Amino acid sequence: MIVRPMQSWFRMLFVWNGSVLQSIIPQLIFMGVLSSLAVLTHGRVFGEKIPLSAAPFTLFGLTLAIFLVFRNNASYARFTEGRLLWGNMLVSSRTLMSQVLSYLPESVDEMGRAHVANTLIASIYALKHQLRETDATEDLVRLLGEQRAKELAHKVYKPIAILNDMRSYLAAPNGVPLKSDMTRWMLDTQINDLERSVGGCERIASTPIPFSYSVLLHRTVYAYCMLLPFGLVDSTEIFTPLVCVFIAYTLIALEAIANEVAEPFSLAPNALALDVLTRTIERSILEICGREIPAEITPVRPYQFT
Amino acid sequence: MIVRPMQSWFRMLFVWNGSVLQSIIPQLIFMGVLSSLAVLTHGRVFGEKIPLSAAPFTLFGLTLAIFLVFRNNASYARFTEGRLLWGNMLVSSRTLMSQVLSYLPESVDEMGRAHVANTLIASIYALKHQLRETDATEDLVRLLGEQRAKELAHKVYKPIAILNDMRSYLAAPNGVPLKSDMTRWMLDTQINDLERSVGGCERIASTPIPFSYSVLLHRTVYAYCMLLPFGLVDSTEIFTPLVCVFIAYTLIALEAIANEVAEPFSLAPNALALDVLTRTIERSILEICGREIPAEITPVRPYQFT
Amino acid sequence: MIVRPMQSWFRMLFVWNGSVLQSIIPQLIFMGVLSSLAVLTHGRVFGEKIPLSAAPFTLFGLTLAIFLVFRNNASYARFTEGRLLWGNMLVSSRTLMSQVLSYLPESVDEMGRAHVANTLIASIYALKHQLRETDATEDLVRLLGEQRAKELAHKVYKPIAILNDMRSYLAAPNGVPLKSDMTRWMLDTQINDLERSVGGCERIASTPIPFSYSVLLHRTVYAYCMLLPFGLVDSTEIFTPLVCVFIAYTLIALEAIANEVAEPFSLAPNALALDVLTRTIERSILEICGREIPAEITPVRPYQFT
Amino acid sequence: MIVRPMQSWFRMLFVWNGSVLQSIIPQLIFMGVLSSLAVLTHGRVFGEKIPLSAAPFTLFGLTLAIFLVFRNNASYARFTEGRLLWGNMLVSSRTLMSQVLSYLPESVDEMGRAHVANTLIASIYALKHQLRETDATEDLVRLLGEQRAKELAHKVYKPIAILNDMRSYLAAPNGVPLKSDMTRWMLDTQINDLERSVGGCERIASTPIPFSYSVLLHRTVYAYCMLLPFGLVDSTEIFTPLVCVFIAYTLIALEAIANEVAEPFSLAPNALALDVLTRTIERSILEICGREIPAEITPVRPYQFT
Amino acid sequence: MIVRPMQSWFRMLFVWNGSVLQSIIPQLIFMGVLSSLAVLTHGRVFGEKIPLSAAPFTLFGLTLAIFLVFRNNASYARFTEGRLLWGNMLVSSRTLMSQVLSYLPESVDEMGRAHVANTLIASIYALKHQLRETDATEDLVRLLGEQRAKELAHKVYKPIAILNDMRSYLAAPNGVPLKSDMTRWMLDTQINDLERSVGGCERIASTPIPFSYSVLLHRTVYAYCMLLPFGLVDSTEIFTPLVCVFIAYTLIALEAIANEVAEPFSLAPNALALDVLTRTIERSILEICGREIPAEITPVRPYQFT
C-alpha cells in the first residue's frame, strides 16, 4: 500500500512513486510507436486508408465504459472487504484479549495469559502467510515454540488449527478452568468472529473475479487503443501520438490498478499492507497485556508498505 | 470456475480457454455474414438504401447500456452472494466441529465425534446435489450409511433433514448429553447459521432475475447488432465486418457471461466451483478432527473447475 | 413470476409469454401511428417544419438515462428485498419447527407439535393475504379451526396476532412447559425473526417509491418518445416508424417492468410468486414434522406463477 | 408522502397533485422568458452572437450527470434508511410488547401492562416531535400523565429518557419483578434496538449531505439551463422555449425531489409520513394489548400524508 | 462540517461560505489565463494550430467520468461509514450508561456511577484526539484525573486502553460486584460495540483510497482542463474562457470535495464535525445520569463546525 501525504495540485501531476505508470511503460511505448506510424502513413496500412471515423469509437466506448466500471467496482469491493476483514480481526482479537484479562479467574497466571496472547498473534501471522503463500515457520516458532510449530507444519488450514487450540485451551478442564458457561460463551464468540474473518479472507483469495470478465475487458481496452490512432489521425494530425498515448494511459492504468486491488493480499503496490496490519494487531494485543511492544513496520520502498 | 494465472498483456489477448468466445461463435459468424452482405450491397436491401446514420445508434446505445449494466450487476450480485453463502457454510461447519470437539463431554467417544463430522459433511454434499439437481445417493451412502441414505431418498429438502438430525442428535437425551443449556445454544447457533445459508442458496436457485429483463436485453442487443452494419457501412466501408463483429462480440459476450454468473450453482465455466467448495469444507472439517484428508479436486478441463 | 427455461438465442427474440410486450401494445401502436404521420408529413405540423436535430435528444437522453437507471435500481432493490424477507421467513420457520421438535419436553405430544406447525403456517398465509389484500378466512379456518379464525377476522395485523399466540403458547404455564429460560429464548429469537420479516414486508408494501419520481420519469419517457419521430425523420426517412417504435418499446417496457418489480407482492407477471413461496414454506415445515406434504403450486398461465 | 393509485399511462402525464411541478414554477417561468428572449434576439446579447454549439453542452452534461446521479442516490439512501429505521421501531416495539405480555409474571396487572404500552408509544411520539422540532407536550401528557410530561419538558433527548424509564421500570425491584436474568435480557435487547433506531434517526437529522455538493450541483444545473437556449436556438429555432423549459423542468425537478427526500423527516410532500408511521405503531401495539385502536390518519391534502 | 439552512434557488447560486470555491481559486485563475491565451492566439502554440476537435474530448470524457464517479463514491462511502461509526458510539455509550444505572446493584454509589460516565466520555474524547492526532491530555485530566491521564500518556491505543479499564472495573471483584453473569454479558456487549466502532474509525484513518487512483484522476482532470481551451476555441471563440473556467470549476471542485470527504476525521470544511459529535455524546450521557450538561459547540466560522 502506498501511504503518501497529499501534494500540491501541481506536484501531484508529476508523482512517480505510487503512480501505476512504472508498470505499464512497455504498453505505452508500443502505443506511442503505433500512433506515430499512423501519423507518418496518414492512417494508411499497405497503402489502404483505414476508414475509421469517430462514430465507431463512441459505440466502442459504450461497452468499454461498462466493462471498466464493472471491473473497477468489483475489484475495489474486494479490496475494501479484505480491509474490513482485517479490521475485524483487530477488533475481535483485542476484545478477546481484554476479556481474557478481565474474566479469567485469578488462578490463571502471567504465563497462561502470555500463552493466550501469543496464540492469538500466531493465528494472525499464520493467516498472513497462508494468504501470501509464504512460509509461516519462523513466526510460529517465535510465538508458539518449536514443537508446536512443527506439529502445525503439515496442517493445510493453519490459522484455523491455531484458533482451534485456543478454544480447547479456554474450554478444557486441564487448561483454564472457566468460572461459568456464560464466560466461555463470551470468549467463544470472539474466536468465532476470528474464524469468520479467516474464512472471509480465504474466500476472497480462492475466488477471483470470473476470468471471462478479465479477458473481455482486456481485449476491448487493447482493441480500442490500437484502433484509436487510425480514428483520430485525420482530425488531430501531428498531435495524435500525444492524445493516443494519454488516453491509452488512462485506460491501461485503470485496468492495471483494478488488477492490483482485486487481489488485496498480494505484494503489489496497491494491495493491502498485511505486514503493517499484522504488526498493528500484535502491538495492540501486547499493549493491552502491558508487555513491551515492537516497533512499527518501515516502508520497503519510499512510501510503499507491504 | 476458471482459475488461471495472469498472462502477460499480449498473450492475454489471444486466450482461448476461459474466454466465453467458444460459446458464442455461431452468433458471431452470423454477424460476420450479415455485415459482409451490407458491405457488398452498400447497405441496400432489395435495392433500397437503408438510411441509418450514427444518430439512432447513440439513442439505442443509451437503453442498451442501461440494460447491460443492470443485467450484469444483478447477475454478479447473485454470483457473489452465492459465494458468500458457501463461504459462510465453511465457517459455520468448521466452528461447529471445533465446538463439538471442545465442549462435548468426555463421554462422547471417537465414534460420536466422527458421526457429527460425517453428518455435517453430508449436509454440504446434499446441498450441492440439490442445487445442481444431481443424485445425492452415492455421497449420502458413503457418509451416512445405506440405511439413512435410503430414508433420505424421498425427502424433498435433504440438507434441512440432515441438519435436523444433527440438532436432534446433539439435544436428545438418548444421543449426546450436553453439559448445559448454554452449550446447546452455542451449537444450535451454528446449525441455525447453516440452515440460513441453505435457505439463501435455495432462494438464489429458485428465483431468477425477472424473465422480462432478459427478453428485453436480448432483443435490444440483437436488434442493435443487426442494424449496426447498415449504420456503419458508409463510414467504415470494407472494415465494417471487422468493426461490427468486434462490437457484437463485446455485447453478446457480456450477455453470455452475465447469464452464466446469474446461475452460480450451474456447471457453466463461469459458475461457482461447487465440487471444489464441498471438497474444501470436507477437508477442513476432517483436518480439525485429525482425520486423513482427501486430495483436492482436479480441473475437469484445463483451468476449469466445477 | 415467470419461470421459463432458457431458449436458444434465436427463439428468445420472439418469446411472447413472459415478455412485458403484451401490456404495452396500445402505447406502441400510438407511437407507430405518430411516427408514420411524421414520415408522411416529412416532420411538418400544420405545414410548419419542426426543427429538431439530434442535439436536443442527446441532452434529453442524459436526464432520461438518469431517471431510468434510478427508477429501475430502486424498483429492483424492493424486489430483491421482498424476496430476501420471504427467504428469511422460510429459514426462521424451519428452524423454529426443528427446535420445537428437538427441545420441547417429551410431555408435549403429537397434537401440541401439530398445533405449533399449523400456527406457524397460518402466520405465513396470513401475511400473504395481508400483502395482497385478499381474504385470509379460508386458509385460517383450515389451519387454526373456525373459532380462532373468527377471533382473528377483526384483527388488522393478523400475522402479528398469530405470532403473538405462538409466543404465549410456548411461554404460558398452561401451554407448553419449557425446560429452561434458555430454550425459551432460542424459540423467542426465531419468532422475533419472523416478526422482523413481517415488519419488513409491511414496510415495502406501505411505502412506495416517492410518487414524484414516477411522474417525472413517466413524463420524460413519453415526451422523449413523442418528439423522437420529428427528430429522426430527416435522417432515417421511411425507417422512422420501425426505429421509433423499437426505441419506444425499450423505454416503455423498462418503465413497465420497473413498475411491476417495484410492487413485489402484487399479482403482476414480474412480481414475486407468493403462492409458490407460501406453499414451499408449508411443504418444508410439514416435511420436518414427518407429515404428508401437499403438491407444489402449478402455474396459472404458461410459465407464470403467482 | 404521496400515496396515489397508479393512473393510466395517459392521465399520468397530466397529474398535478404529487408532482413536484408546483414548487418549481417560478424557475420554469424564468427559463421560459429567457429562452423566448434568446429566440427573439436570435441568440444575441447586446447585438453580439453568443457562439455556443452543442459541443460544450456534451462536456457540461458529463459533470452534470455525475452530480445529479450522486446527489439523487445519496438523498434516496437517506430516505430509505430513515424508512428502515422507522420500520425497525415498529418491529422492536411490537416484539417488546408481545414479550412483556407473555413473559411478565402474573403479578403484573392490567395497569402495569398498560403503563408499558403507553411508555412505548410515548417514546415513538417523542422521537417524531424531536425530529420535526415540534412540541411533544400534548402527546406526552395524553400518554404519560401531566407530571411525567412536565419532568420530561426540559430534557434534550426525550425519547432516550423515556426508554431509560422503561428499562428502569422493567429492571427495578420496586417495579416489575422479573422471573429471571434471561427474561430481563430479552426485554433489554428490544429496548436496545429501539435506542439504536432513535440514534440512527438523530444521525440522519443532524448530518446533512455535505453542503458543498449541494452548491456545486445547484450552480451546474442553473448554469446549464441558462446557457441552453443560446446553444439550441440556431437548431431548434421557434421550438427553443418548449425544449428548454422541458429540459429545465427535468433537471430542476430532480434537484427539488432530491432535496425533499434527503430530509426524510420534514413535512415536504416527498418526505416520510411520520404521522402515519407513529399512528401505525400505536395501533399495532394497542391491538396486541387487546385495547381499542385509534383510527388511521387521513391525508392533509388529496393523496398527501405527513 | 457546514450546517447551513437552505437558501432560495437564486441566492444559492452566489453562496460563498460553504462552497469549496475558496480553496481552488489559484487553479481557476490559471485556467482563466490559459484559455484567454488560447483565444488571443486562436489556439496556436508557437504559430502552430493545435488541431483538437470535440472528438477526443468525448473519448477523454469517458475515462474522466469513470474516475470521477468512482473516486467520489468511494470517498463518500468513507464519509458515511465514519458518520455511522460515530452514531454507533453514541448509541452504545448511551445504552451502556442506561444499563449501568438500571442493573448495577444498589451498593454502587453515586461516585461509582460518575466514574463509569466519566470513563465512557473519556474514551470518546481519546478517540477524537487519536483520529485528529491532537493532544488528549487536557480532556483526559479533566475526566479521569491527573494520575490516570499520566499513565495513559504513553499508550498508543488510548481509547482501547480506557475501554479495557471499563471492562476490568465492571468485572473485577474489587470494583463493582455484578449480580450475575448475564448482567456482565449485557454490559460487555456494549463495550464490545464501542471497541468495534473504535476499530472501524482506525481502519478508515489508516487506509486511504489507493494512492494510484488519486494520481490517475488528478492527471486526467488537469490534462482535460488544459487541453479544453484548444478544443473549444474555434467554436466558442470569445466565450472560451468563461466556458472553460466553469467546466474546470465543476471538475476541480468535485475532486476537491471528494478529497475532503475521503478523510472524514480531518478539520476540512466538509469533514465530520467530531467536536460536535463528542460533545453530543457527552451531553447525552450526562443527561441520562441526571447531571448538568455542557453547552452545545458553536461554529468556528460562520456555519462551519469542526
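Letters are used for the chains, namely A, B, C, D and E, taken in the order the chains are written, and counting of residues starts over at 1 for each.
Just so we're on the same page, a residue touches a chain if its C-beta (ideal position, glycine included) is under 8 Å from a C-beta of that chain, and two chains touch if they have at least 3 such contacts.
A quick note: this is a predicted structure, and the numbers were derived from the prediction, not measured.
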item	value
Touch-network distance, subunit C to subunit E, counted in steps	2
Interchain centroid distance [CA atoms averaged], subunit D/subunit E, Å	24
Distance between chain centroids, defined by C-alpha means - subunit A, subunit D (Å)	39
For subunit B, residues that touch 2 or more chains besides their own	58, 65, 69, 181-182, 185
Category of the chain touch graph - line, ring, star, complete, other	ring
Cyclic chain order - from subunit B, heading first toward subunit C	B, C, D, E, A
Residues on subunit D engaged by subunit E in the complex (per definition of touch)	27, 50-53, 55-56, 58-60, 62-63, 65-67, 69-70, 74, 155-157, 160-161, 163-164, 167-168, 171-172, 181-182, 184-185, 188, 192, 195-196, 198-200, 202-203, 206-208, 210-216, 218-220, 222-223, 259
Sites on subunit B touched by subunit A in the complex	1-4, 6, 9, 12-13, 15, 18-20, 54, 57-58, 61, 64-65, 68-69, 72-73, 76, 79, 83-84, 87-88, 90-91, 94-95, 98-99, 101-103, 179-183, 185-186, 228, 232, 235-239, 243, 246-247, 250-251, 253-254, 257, 260-261, 269-270, 272, 280, 283-284, 287-288, 293, 303
